[in-house]
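Chains here go by letter, A, B, C and D, matching the order in which they are written, and residues are numbered from 1 within each.
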Amino acid sequence: MTFAMGPNNYGKSGIRLVRVGRESARHELRDLTVHTALSGDLDATHYTGDNTGVLPTDSQKNTVYAFARGGIGAIEAFAERLARHFVDATPSITTARVRIEEHGWTRIGDHSFTRGEGGELRTTEALYDGETVRIRSGVRDLLLLNTTDSEFNGFLADEYTTLPETDDRILATAVTATWDYQAEDPDDAFYDHAFTKARGALLTAFADTYSLSLQQTLHAVGERILKAIPEVAEVRLSLPNRHHYLFDLGRFGLDNPGVVFQAGDLPYGLIEGTVRRETA
Amino acid sequence: MTFAMGPNNYGKSGIRLVRVGRESARHELRDLTVHTALSGDLDATHYTGDNTGVLPTDSQKNTVYAFARGGIGAIEAFAERLARHFVDATPSITTARVRIEEHGWTRIGDHSFTRGEGGELRTTEALYDGETVRIRSGVRDLLLLNTTDSEFNGFLADEYTTLPETDDRILATAVTATWDYQAEDPDDAFYDHAFTKARGALLTAFADTYSLSLQQTLHAVGERILKAIPEVAEVRLSLPNRHHYLFDLGRFGLDNPGVVFQAGDLPYGLIEGTVRRETA
Amino acid sequence: MTFAMGPNNYGKSGIRLVRVGRESARHELRDLTVHTALSGDLDATHYTGDNTGVLPTDSQKNTVYAFARGGIGAIEAFAERLARHFVDATPSITTARVRIEEHGWTRIGDHSFTRGEGGELRTTEALYDGETVRIRSGVRDLLLLNTTDSEFNGFLADEYTTLPETDDRILATAVTATWDYQAEDPDDAFYDHAFTKARGALLTAFADTYSLSLQQTLHAVGERILKAIPEVAEVRLSLPNRHHYLFDLGRFGLDNPGVVFQAGDLPYGLIEGTVRRETA
Amino acid sequence: MTFAMGPNNYGKSGIRLVRVGRESARHELRDLTVHTALSGDLDATHYTGDNTGVLPTDSQKNTVYAFARGGIGAIEAFAERLARHFVDATPSITTARVRIEEHGWTRIGDHSFTRGEGGELRTTEALYDGETVRIRSGVRDLLLLNTTDSEFNGFLADEYTTLPETDDRILATAVTATWDYQAEDPDDAFYDHAFTKARGALLTAFADTYSLSLQQTLHAVGERILKAIPEVAEVRLSLPNRHHYLFDLGRFGLDNPGVVFQAGDLPYGLIEGTVRRETA
């Protein structure tokens, strides 16, 4: 074989799972999107099309729905059960990664729910290699906006710098954050509680921080999550800077003391970073 | 002129306006997208490129930001002020249509707000022809889901019909609704109150209706909005039927008594209709 | 009944149909998205949930796939066959509207094809009321850009006007156009030939017109289509003005004689109009 | 500092750059989206909001437009020039990653161009750490479809497997591929020529391969690109399996010998892998 396979995986993406809990007249609703990715001894199918070791992605999809019959619990635990199954029950598979996004719904009746299109996502990823499982949790598309208490000053100016300094701007972002748990025997309650704490820490840190840069806010958010959850060693944050431009109303004889803004679209800033608990 | 202009209009779309109310330390946040469309005596620009009567779409954009300086109030009233201005202040313009979508934010601090990406929109459209103004209000992307109390039976079956009848299904939709007000001197409070009542009626009607068809639900929703707001004569509803397919778990030795569903994407049903107050 | 139904319709949207013609080893590929909308005597389902007259949207979907078995031909003719069937074969249905979008693919082998994601769409809509059929054709998402030969001058300036006049700008748009045919016994060849001519006229008119306003270009495009196809009486055009802003390089000691532009996103201009053949 | 920064970067995303080459009456058009990401000694801004070392993302955007004034050439070379500049000219910055996507336009006149919305993207990423530069090239959203010569048989069947074997299916994918160049003094002509060869190899391999699995196709595509370009050591491919389901027409008394398909949306398979030149 002159041209060899390097790292590879395969699975089913975008498995849309809705589960209704009917234990009481007050139904429970869960709304997940699941993605599976398996790897292992898959050389044969790549080199010759011998599919002996290939569990179809359709079977992976079926497995997700079948496992949901018995209940989901925290998405972290559900992802782990699936990841363990794919490796433990499939001889050719040595590693499984199962990612899940959960859409929250607001109850408006015993069996009725509402939400807006889109919305914020709770996310997880379980990675299992036959020995250990790594659980990653997070949020995506969580929009946050401060109308004040944000400056951007004293930055490096090169020959292409024209941005004026500002001591009062809107700071807006759409948070993607992930963190891993190092917990002994975590259960559904642990995961749900930890997520609630992390999300609360994130919101509070954003609201409370007087920001001199979005980087400073990023660090403050990461720090607050780490303080809230001892089982987390580091937090990865991706914070687009959704620019809001003060609209020049002086041309029309009007002042604009931080009141009227044009929300920008493209381009946007993007600040990414990891905040770590010092173990020294 | 052998090839004449028929109906035409022009304007600026996607004007992204954010306004911060700083009257107190507890800031107010408004987040709108505005679209303008003007028509009038515009033959010259179409036939010869003579732009004497063309108010640039850039000026229309500037006007939206300038008008926001003094406050927005209900989006209906803001749209009307803009529409009246474009017609009354521009000799060549005889009709103006101003559409607005508003994104709601949830307060998490005196100057801090959050929402998920996307979300439900409150909408309006003001149409002014120099004499009368028509105000249309509505919602878009409001997702609703009932986990039970929905059947679909007794339908017409032709040679291409294979759908099984069901006496218990998930009913899910993403509501777009609009209605016009016939009110004397409506003010901001009227519009905000009417919208709150309409949205509430919509949710309650959806949750309370035992549905034999999405059409029946559509009528029930329209009726409930009309009952809630005397100033509305008809409600237009567009209800996609977001299918949820009961997943066949019998193949795996599992029952599935309305618990595990595959949320469908394409295709989807689409039910559209107008419900009217009978005036006879 | 105190709250009566006004206009209403229902159907299936987003039916994704791919057809492979295997008459020879050189396969033919067709890729359509079909939307159906039926109306008629549907009061019962709205008022009481009596579905006796409701042909399920699932059956409508099945019909689309079944009709595709015998061949598609021009999408206009396929849409008409479907629309006629829904009305003629369903007692409760009096009007059917069938819309189709077609994605073109480029052949790269006897049974191999390629295209980019998205792309330009050929569209149609057949409307049948049991007596007459109206066939509408068009294009969507056809991007056009001129790097020069576009001015915008001499426009109306009000107190909110700050736009500078320009005698050389980029003119870019994404064309949506529709037109109806009044033809006797049109067949597949007629529709395909007419579409090819219309699209060609559209491109040529855009490229050839020295534009003093996008409105002038709109009229020129409509006129050219009307001249190319005698069976068309009017053309409806929707032309977003995709602004390209000359980037200010003077701040960096560089000139910028129409070379470097920032492509804008939101907001955008929107010019809509109908061009008609004068019959006087 | 109890909570330390780990890996981090910041930059401007979605810089929309259009360049018109006016050297002759036959204008040249380039349409790029550029993303910058810088990292280096940025602890101060994260810990205290001291922005002394922070070159604003706005300045990065300005730089992109300013550099475009002198010409772009191959996107790989343009990305490299930018990446080198950000590191070499900014004391606090040690690493720069510049990503570019290019939209192709089709000429329809000396200064007129067309394309469909979306389309296939040519991509690159230049990574520079002050010493060496790594150039990565690729494509995104390149759709490929074979109407036959694709089987999927002999796969592993577990208790959740219900997929029937097939010896003739549609195989459709949307290719994302990337590869790195190890070339001495590559110039614009090298990059453009290599990209053309890679894209051609990709299309030919897809069309020519009789596929027993999408994995086998992935390997064939990677192998063909490696054979075509000696300067490439490995190819990374991400191939969604866009399922096309043979529609069951037997219920309507019709056969369906591989003619009528329902194009699926969610879920989809996802096959990812790296193909490497063996150096042993």
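Throughout what follows, a contact is a pair of C-beta atoms (placed from the backbone, for glycine too) under 8 Å apart; a residue touches a chain by one contact, two chains touch by 3 or more.
Values in this document were obtained by computation on a predicted structure and should not be read as measured data.
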Count the smallest number of chain-to-chain hops linking chain B with chain D, moving only between touching chains.
1
Counting C-beta pairs in contact, which chain pair has more, B-C or A-C?
B-C
Report, in whole Å, the distance between the mean C-alpha point of chain C and the mean C-alpha point of chain D.
30
Euclidean distance of C-alpha centroids - chain B vs chain C, Å
23
Nearest whole angstrom, what separates the Cα centre of chain A from the Cα centre of chain C?
38
Multi-chain contacts in chain D, i.e. residues touching at least two other chains, fall at 16, 62, 66, 160, 162, 251-252, 265-266
Hey, how would you classify the chain contact layout here, line, ring, star, complete or other?
complete
Using the touch definition from the top, list the residues of chain D that touch chain B in their complex.
159-160, 162, 251-252, 265-266
Seen from chain C, its contact residues with chain D in the complex are 16-22, 27, 29, 31, 62, 65-66, 68-69, 105, 108-109, 111-121, 141-149, 170, 174, 203-204, 206-208, 244, 247, 249, 251-252, 254, 256-265
Contacting residues of chain B [partner chain C, same complex]
1-16, 35, 37, 42, 45-63, 66, 89-90, 92, 151-158, 160-163, 211-216, 218-219, 222-223, 226, 234, 240-241, 266-278
